[in-house]
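Next up: the structures, one after another.
In what follows, chain A forms one complex with chain B and a second complex with chain C.
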Partner chain A sequence: MTTASKLNRLTPYLFLAPAVLLLAVALLYPIGYMIYASFLDWRPSQYIGEAEFVGFRNYINLWNDEAFRESFGVTLKFAAVVVSLEMLLGVGLALLLDRKLRGMAALRTIFILPMMIAPIVVGLMWRYMYHPTVGIFNRTLKSWGLDPIPWLSDGTWSFVAVVIADVWQWTPFIFILSLAALQSLPQSALEAAELDGATGWQKIWHIKLPLMMPVLIVALLLRLIDAFKVLEVVLVMTNGGPGLSTEILSLRIFRTAQEFQELGVAAAMSNYLLILLMILTVIMFVYNKAVENRAARLRAEAQEA
Partner chain B sequence: MSVQSNKSSSPAFYALMVCLIVMAMGPIMLMLATSFKTNVDVNDVAVGSFFFTPTIRNYEAVLCNVLWYAPASVDYCDPTFGRALGNSIFIALVSTAITLVVGCMAAYALVRFRFMGRGPISMTTLLMRMVPPAVLLVPVFGIWTFQYGLDGTYTGIILVYVAMNLPFVIWILQSFIVQVPIQLEEAAKMDGANPFQVFFLVVLPIIKPGLAAAAIFTFRIAWNEFLLSNALSGRSTRTVPVTIVNSITEYDIDWGVIMATGMLLAIPPVIFTFVASKQIITGMTAGAVKG
Partner chain C sequence: MPTIRFEQVEKSFGAVRVLPPLDLSLNDGEFTVLVGPSGCGKSTTLRILAGLEELSGGEIFFDENPISGLASKDRDLAMVFQDYALYPHMNIAKNMSFALRLKKTPTAEIETKVKRVADMLNIGHLLDRKPAELSGGQRQRVAMGRALVRDASTFLFDEPLSNLDAKLRGKMRTELAEMRDTLDKNMVYVTHDQIEAMTLGDRIVVMSEGVIQQEGTPEQLFKEPANKFVAGFIGSPTMNFLDAELVSEKGKLLARGDGFNLPLPKELTSNLKDYSKREITLGVRPSSFSTDVKTGAPIELRLVVSEYLGAQSTLVTKCGEAEILVEHESSSPMKTGGVLKFGVRTEELMVFDKETERRL
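What follows is the complex of A and B.
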């Protein structure tokens, strides 16, 4: 009896132990280690114990470093631009195509492809298409008698090029989420609006969009978090250049560690990025909880009535 | 309903759909076409994007050391890619298997048991989901090299991938386990099954769709990942994404060969997409769209 109840109390821990152990060894500990490393002047040739402790110097130097600030700005601009474009296009297309169309399943399947393929390969494909002479864009322009565009060799164009690649890859994500949200809307609300003689636009503005809002906000936050993580596509397409025009933060972390061998500085950058992502995550978490609580309250009120 | 289905037969919507499909598939098709082109055809502006004499020599060059015959078109066989392909398959499969087993046990405990530490554990897991690989680069390099002595080994890379994927797998499987009728589990307990038997014989078979979704996502990340693999793998454990990036740093790119490499890397995710698009969509929408 006592052994059985002891076993019962231990059961959840037995189920959890492998996961907790793995997460502690390979995720939590590294994050702690990173925070510690960000206070060091550390190079890959040294043991971490030999590195000099420099306090907040890495953070302060970064803050005063114009190149880092520019890279931070590029990251924010990139995230803001791609996420707004993807939300507009994704939600717009979902509203437009939310009807009984044959072949919708095929479209959704094909739309997943860009997200499933390795970012490295996505970068490769776009780099080929943007190629100054053999790329499909400049070839087409030439055949129309237009001047070629310096896609990846001009600061502004290379930013545009990277944005287009990301929009190609991730608009389907917003589209699929929005479509799922639209199809789970309560039919009764839409039918009531139709009886009241609401036009298509009125239905979208006053019923569909407000009811989709919880899903849209979560989709927005998820995309925002992912946009700050982008690395490989840009690495392959432009390697951050020309100049710093596409040097997003994660790429700068990679180059600071790999090329400049300044692990302490790279750790401090990682910490800036992590803080940013944690803020977004907490916002999402709090928002989700609020929506759940509201839904639960509404259900409870409906039951009482 | 009826109003909507009447309107929808309009050809404009089908034109839009075809347009979107062409846009989504276009770059992939272009890569496929280029992978069958000779270097001469790639650089000849007169040769159209899709009209040319296809050749498999790019694939022969990439796979020369794993083919059962010695391709006549290849003068010098570079074994880098063939080996990397083997590494990628091994690393992705093993890390997916471990992540799934460990992840579903943890998810089950978090859903079905009330115990001390449950809140903090599930909260930490949720937060860990957001940690990008770039943030792990420095610490993982340092720890794996100087403390665990795992740099350049399969174990080292697999360990990172398992840890990186666990939070997501735990999170998505929780939403599937919640839906398992608790009566089934109670009935099994009545019949004298211990918690592990209940889990493996009753719960796991029911959440197969969830496991499939989790497996695809884990495999995809382990298969596609570049950054950490680049930092941790040695000469003999290098994965495909790393070899691709290494081969494009040169100024003069052999587009035919590199596109063939890209196609080979893209094939498994493409197959998953066509076989299990339903599970993938479930995985993507889980959490964001309730119900």
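What follows is the complex of A and C.
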């Protein structure tokens, strides 16, 4: 290769370098800041440079901290429960509403409304609906002659209440992605299945769901990542209580920084969460890459044949 | 096997009418070939029969039972789609066995069936590949295989061999002909290919713009086409059409035109006894010409190009301004640019009305 052509190959990188560098700094500086902070014993009133360096102490202390472990557990449970429910309901609804009928477009629009409301508003709304005496649920129960439910004052019920609110808000997300996936399925494969004698259920099980799978997996991971970071709805509805029953991780982090003024500990907590989310994201990327690679390989092979 | 009858079947897509009211009967156990130019409604007809398109009017009967209320899966049909319609996520074996698996056929039976059909189609070595990993022709054979493993009463084929090379196509044609003779199934077969239509069809239905032009045995269509369209569609190379006028001379009827003057055969003369118009279209098959001038009426043609096809060549010639195709043995080559003398077998001539294009 001549020097000139080598230079030519480098030119695009030279032009891109400043922008990439700037972007990297902008992206990574806050994260680096947080990672650095997690090794400090740092109060909000202090300049970060004056904080004492404590190594892994924050991490090790957290490992043995009952409250932190509990809130990590609550978060895992919350994410698992809401995402499963949202997947089931969202995919189910999409399968149900994927038909060419009049008024379907309007119905679909209504179904995705909850997603457009600010989480803090959703939290407030549900808090009033769950109100022990004047909320719609307990008033209805009462009018039927049933005992009221301690929605937000009992550990188990408050977890259920928070789950319901989240499912209400985020099922539409799964719904809209599933619907898009359904509508881009190859129609002819469905026609072939019909002629092969498949019933409606069999078409869903053997054709639609497998073909939707790439989209569903991405939707699942996106929702999981989001569910691990939930804050506002829980903050407004239960503020983590009663006890620690709904004390999800972001709330714990918020409290540690705000009320206990332990910025280093809060940063270490965030990093535990970050590590978990990064694992999930890597899984998603690896999966996407695998799907892409496979598709590319198959195309190449088909071309050779 | 049911007898299938279309009665005044109509189909429109929005404002576009694809099939005007159409009547068609498919006899029990018959191999029916649908032919016609691209876009004439062949696939639409098959899809309506399969229940994949709704009727805009009329009714289809299976043995006198109306079926428009019957779902596709209850019509006992197997279909080869023009665009293959394979299941992208299943390997070839799974694609082919899908219907059998839904019916809970024993695994051993599925395996033998799939193996047998796959071997017949030369795709036995591809069974664990996905459709995306196959070439176009291989996919088409899988589509074929998926239909053939089934035990349906009616098989619908939408141009199932269009993507195969000549050799494979020949082999598949033979297999299909064998199936036609051994299996008592209704088969409806759409094709563009003359040879497929002529060799496979018990009966051929020629369509144009959604209208059935003629139906009959291959021989009927070739020898007694109902109109100019059918005459031009059946037979290869295609029939020559020449503008001519009818002239009576010494009690004999002649077709005279630019550069030719051909006596018409007796039965045509009697057919045309009461025909009042003079302007006609004369149809001459490329195979009606002979280099032996004495075997028919003489005609002089100017050779433009000779297209070599092997044992046969197609000569592109001019007669006056009109272009005429002539089928000719390659063993006696012709010089281009020269004027050649041929004899026309006049008993094979056809006469068409110039306006209605009906054969007279």
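Please note the rule applied: the second predicted complex is superposed on the first by the 272 of 305 C-alpha atoms of A that agree within 3 Å, B and C clash if a C-alpha of one lies under 4 Å from a C-alpha of the other, contacts with A are read in each partner's own complex, and residues count from 1 in each chain.
The rule is short, and it goes like this: contacts are C-beta pairs under 8 Å (C-beta built on N, C-alpha and C of every residue); 3 or more make two chains touch, one makes a residue touch a chain.
Given the structure is predicted, the values throughout are model-derived calculations rather than measurements.
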Three-chain arrangement built on chain A, chain B and chain C clash or fit: fit
Touched partner set for A:G145, first chain B, second chain C, both or neither: neither
First, second, both or neither for A:Y13, with chain B first and chain C second: first
Partner chain in contact with A:G197 - chain B first, chain C second, else both or neither: second
Once both complexes are placed on the shared chain, angle at chain A toward chain B and chain C, C-alpha, multiple of 10 degrees: 90
Partner chain(s) touched by A:G55 [first = chain B, second = chain C, both, neither]: neither
Which of chain B and chain C A:I207 touches, first, second, both or neither: second
Per-residue touch tally on chain A - higher for chain B or for chain C: B
Chain B and chain C, minimum CA distance [Å, superposed model]: 5
Chain B and chain C contact sites that coincide on chain A, given as residue numbers: 194
Residue ranges of chain C touching chain A (in the complex, touch as defined): 50-52, 71-73, 77-79, 81, 83-89, 98-99, 102-103, 130, 132-135, 138, 146, 150
Footprint of chain B on chain A - complex, ascending: 8-9, 11-13, 15-16, 18-20, 22-23, 25-31, 33-34, 37, 42, 44, 47-48, 93, 96-97, 99-101, 103-122, 124-129, 131, 133-134, 136, 139, 142, 168, 172-173, 176-177, 180-181, 184, 187, 194, 215, 218-219, 222, 225, 228-229, 231-232, 235-236, 249-250, 253-254, 257-258, 263, 266-267, 270, 273-274, 277-278, 280-281, 285
Contacting residues of chain A [partner chain C, same complex]: 186, 188-189, 191-199, 202, 206-207, 210-211, 213, 295, 298-299, 301-302, 305
Touching residues on chain B, where the partner in the complex is chain A: 1, 3-5, 7-8, 13-14, 16-17, 20-21, 23-25, 27-28, 30-31, 34, 42-43, 45, 49, 101-103, 105-106, 108-110, 113, 115, 118, 121, 124-143, 146, 159-160, 162-164, 166-167, 170, 195, 199, 220, 223-224, 226-227, 231, 241, 244-245, 248, 255, 258-259, 262, 265-266, 269-270, 272-274, 277, 280-281, 284-285, 287-289, 291
